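Consider the two complexes below, in which chain A is the common component and chain B and chain C are the respective partners.
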Partner chain A sequence: MIGGVMLQFDFFAWLAGIPQWLEDVILWIWGIVKGIIWWIWDIIQWVWAQVFLPTNFMFLFRAVLFPGLVFVVLALIWAVWFTRKLWGRIQDRRGPVHMGKYGGLQLFADAIKLIAKESIIPDNAKRWMFRFLPGLLLVIVLLPFCFIPWDFEYWYIADLSVSLVLVFAFLTAVPVIALLAGWVSGSKYSLIGGFRAANNQFAAEIPMIISTIGPALLAGSLSLMGIAQAQTNIWFAALLPINLATFLVAAIASVGVFPFDAPVADSEIIFGWRTEFTGIYFTLTYFAEFAEQMLYSALIVALFLGGPVGFPFLPGAVNFIIKFIITFFFFVLVSSSFQRLRQDQIVHYCWKYLLPLALLNVIVIMFAIVYLPGLAALLPLGGG
Partner chain B sequence: MSPDILDEAMEIWFGPQHVSAHGWATKLTLVGDYVVECDPNAGYFHRSAEKVLEFKNFRQGSLVLERMCMLEAFLAEYPYVAAVEKIAEIEVPERAKVMRTIMMEMSRLHSIQFWWGQFNAELGFFTMALWPWVDREYSLDVFEELTGSRHTVSYSTPGGVKYDFTDKFMETLDRAVGRFEDRLQKFRDMQMGSPTFRARTEGIGLYDVKQGLKWGLSGPPIKACGVPMDLRKDDPDPNLSYDMVDFEIPITENPEHPGQSDALDRMEQRFKEAEVACDIVKQLIPQIPDGPIVDPKARGKANRLPEGEAYSRIEGTRGITSLWLKTQDKAQTAYRAKIRGPCIASYYALKDLVPGSKFADFIVIFGSLDPYPGWWDR
Partner chain C sequence: MGFFSVLGDCFQILKHTFRQVFMRPFTYFFPFEDRIYPERTRGRHIHVRQNCTACAQCVRACPVVAIRIDKEDKMYEKDAALYFDYTRCIFCGLCVQACRFDALFHTPVVDLSEGDREDLIFGPDKIETLDRDPLEWRGRRFR
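After this line comes the complex of A and B, so read on.
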């Protein structure tokens, strides 16, 4: 070609270079992959080292296994079985008997059945909120368990100076979620149930928090651990018996089981805010109800019944669990022996009777501390 | 009621898929928590019983009737049998009369036991719902021992009854009545003494005699106002043996509101009804005469009836249960049968009774009147 530039290109040399080029590409990719693998391996090594650091390992053990998640879930399974069995006995029937010894595996059978069921989401429902809220509810109810003082040393997860306030902050979210769940379900019955749940909390929360002022005052602490430690000499149940009763009633009203089960009154509004939940979503809300009852039982033990204080020959956590079971028994007993109240009657009872009684006990005990020096000496307030 | 209040109203269908609505649907209009309008709807339980009766012969008809209300099967089937006996002029043996009466009162007892549990379940007290249902099992044992069936008993037949009382049956009967009489007193004190129960029922669904009679109520809902209106005394059926027993018509008079009844009075009235039913059964057991249990010629007589018409009525658990039967000459089936159940009156009474009450009280008012959908969907 005249006057043009000819590209000098050795085709055969290029052909011979292809394997080299491919090898380079593969090596380059391998380098990246190796880097990622090493990086992951480093992370694993670091996590491993962190986990098996003596302090970290035991913290994780407590958070995940013993007073933590696994223990709480096992206790939840036990609580459902215990409730059903006790309800059966009170109601002149046998409760679950077929699955396992004394029907102990009934809950697993029910859970498998419910999880295997089709999850129906109504057309009118807000789909993502409908899916999200039951799980959120269970998480919010399970979180406060980490502040429960199962024992004074070692067998507890976290001890905050304001854990009492934080627990109530979490629990206030529960009826809000119930209201939201009723709202996003897109059903009139669910909406009514959601508002009734909010109404229950409106009625019960103030008496409940006023009832906890007594223990907090006497212990001079807003930490559940501090309140439990203040009861080494004398349980607050002896000084604040009325507050114990008002807290128990307000807790039942706040959970929304019989006789305060207007939010899920099955004969009136089908199943309240849970009407449209099926399958796994229903299972989560059902577990959340039991977890909330258990949480309130544990709070009662920590606030009024001395926490881990008890038989000196037993470990503190065992003492706590014994008292916890007895308190939970009262929950089941009360919830199986009263008629359901109307929602305006719930507000009426809570505000007209519980609130003044809770205040009365606080005032009485304040005067008692001032005028009985021997009493004040039993408490960490000092005095005398 | 100004129109802008109704702008905020919410219409809600109570039924037919509602768990408390077993075969009925009521449209409620709510403003806030109050019911301002109540629209009872019939037709969700329709089984064409009256039409079916035109295709069944006169011994089969009572089987259709007992399915109108399975809770009081012995009582429900009887008006048809009585009407056939009237037209065919069939004599009933004395023994069969007493046996019928005993079983009808047992049926009343069973129905009250069931209602008691159901009402407590509607009020949200499942413990008290299951305790009467334990006693109900004993009543069902009685029915099963006698007829082999717990609900669809088909006991009365034109000219007598189908099955004789055996010794084992008498033991079962004594056990059921004795046990229930014992437990009735305890449960009654527990139920009426419960402050939460009183809080839910006192002053709920209050009406007076005049309103009740205007709506056409009968049975416990009107007797709870203090009106001694009872067909067992007022118009005793000649083929039943209520004249052999000595009993008072159970009525409830609340001194707080004389001439009126609320849900609490209607509960009290049912307890009294159950007591009287137990009393009648216990009085009749030693008086059962010997003899045949069915007229042997009745089967032939009931095969083809002469032309005629008959109206028969009894005091059912829920009120006056009646049936009008018209036959053609030498026909094997009825020309027309008209059933008048007691509950259509108490169901449509909700239309006037419920507005103004709270939504949560609707089911209490409904349960205290005890309408059974079989009686209005015929």
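After this line comes the complex of A and C, so read on.
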């Protein structure tokens, strides 16, 4: 063979090499798969190590178990039972008695019933939002619980310097969701209810936030923890009693329970913005209402009643919970005592009475601090 | 003084509801617990067989034919067994009025619910005694 290059293509060797080539391809793919598996496994190991780092583990414990989600949900279940029992007693009834001891399992029976019910979505509803909003409502109401100072040292979840503002930012979203839910339900009753919820918030929010100016001013802090810590010498309820009352009333108006239950006025507009919610969606909105009441009770304890300050022989969280139960009792008491107000009356009362009263108490306490030097010494204000 | 009087009213209402929380409920735990009925309530009957003379005046007086008499069923010398049909009885009390021998009385027991229509016909075993199986609820026995 001269004058040419012979391509030495040995066909039979090529044929014999095919299995080797296939093996290489399979090994290459296996390498990629193994890499992905190891990568995932490393992530799992990393997460595991992070979770069981002592600080992280205890933070997770607090966020999920004790002052966190599980505790709040159990407290929610207790609050529903307590409210129904108290309503029963106030109306000369017994409240729930049949499920469990003293009707304690009634809520579980109700929840099973409601969850087992068919979820009907109206034709006119915006389906996606209709499914999404009740869950979002409950999440938004449960989130601010992480800023509640259950104790000074250890048993709290988060302490931001602006947690008071942040809590109100979350709570302002609640009537927005109510309005949206009323809108996307595609029913006139729910739309009216949604606008009434917005009206309630419009009426109640300004007095409520003005009422919290008092504690924030006296503590010199916008953090719930800072405000609670500022009350070690004297509770703000002693200095700001009118603000406590206005905050309570404005909080009830903001939640929209009696006497401010125009948004869900069941004898006027069938069930307000919750008319079209059935089954699990209704359960979520129902729980959200109670969770919001609990949140406001906890805020009242932290802002006015000294937070964890109390009996020195008890842990701070226990003191907080005792005061929380008492506050919640008054919440239920007030909300089961009066008849329903019209929407214009709600705005009228909130703006004409609550707002000046809240401002009055703030101004009075400012003068008191200036002219009573003994009082200023009790507060961590600095200066003289 | 509108504002302060309204505030005072609010506190009156709150005081009332607060006291209400600690009051005993009006409602009864019905099948297990009931109010005390007056002594002369015309509830279910009781038949005292020792005094009965089998005169059948109660059967004659009954406007709705709720009473049946069985003169063969004798426990003493001249008594009879009475069968009260409480699906028919209107608790008018004429049978008790008609009885001249103090053998038939009303009792203040008014809850006569049964699971079955037939059980509402009170035969001699049920009409002669007030005893019945006590109701049980969570380990507690009532009546």
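As a convention for this text, the second predicted complex is superposed on the first by the 345 of 384 C-alpha atoms of A that agree within 3 Å, B and C clash if a C-alpha of one lies under 4 Å from a C-alpha of the other, contacts with A are read in each partner's own complex, and residues count from 1 in each chain.
Basically, contacts are C-beta pairs under 8 Å (C-beta built on N, C-alpha and C of every residue); 3 or more make two chains touch, one makes a residue touch a chain.
Note that the structure is predicted; figures quoted are calculated from it, not measured.
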- [ ] Applying the touch criterion given at the start, work out whether A:Arg89 contacts chain B, chain C, both or neither, answering first, second, both or neither.
- [x] second
Task: Most chain A residues touched (candidates chain B, chain C) - done: B
TODO: Would you sort A:Ser336 into first (chain B), second (chain C), both or neither based on which partner it touches?
DONE: both
TODO: Figure out whether A:Tyr353 sits in contact with chain B (first) or chain C (second), or with both, or with neither.
DONE: second
Task: Partner chain in contact with A:Val97 - chain B first, chain C second, else both or neither - done: second
- [ ] Please write out, lowest number first, the residues of chain A touched by both chain B and chain C across the two complexes.
- [x] 90-93, 336-338
Task: Parts of chain C lying in touch with chain A, wherever the complex brings them together - done: 3, 10, 13-14, 16-18, 20-23, 25-27, 29
- [ ] Could you please specify the touching residues of chain A with respect to chain C in the complex?
- [x] 86, 88-94, 97, 333-334, 336-338, 353
Open item on the list: If we count contacts the way the header does, which residues on chain A are in touch with chain B in the complex?
Closed with: 87, 90-93, 188-189, 192, 258-259, 261-262, 265-268, 270, 336-345
Task: Parts of chain B lying in touch with chain A, wherever the complex brings them together - done: 10, 12, 18-20, 33, 120-128, 130-131, 134, 194, 196-197, 199-200, 358-363
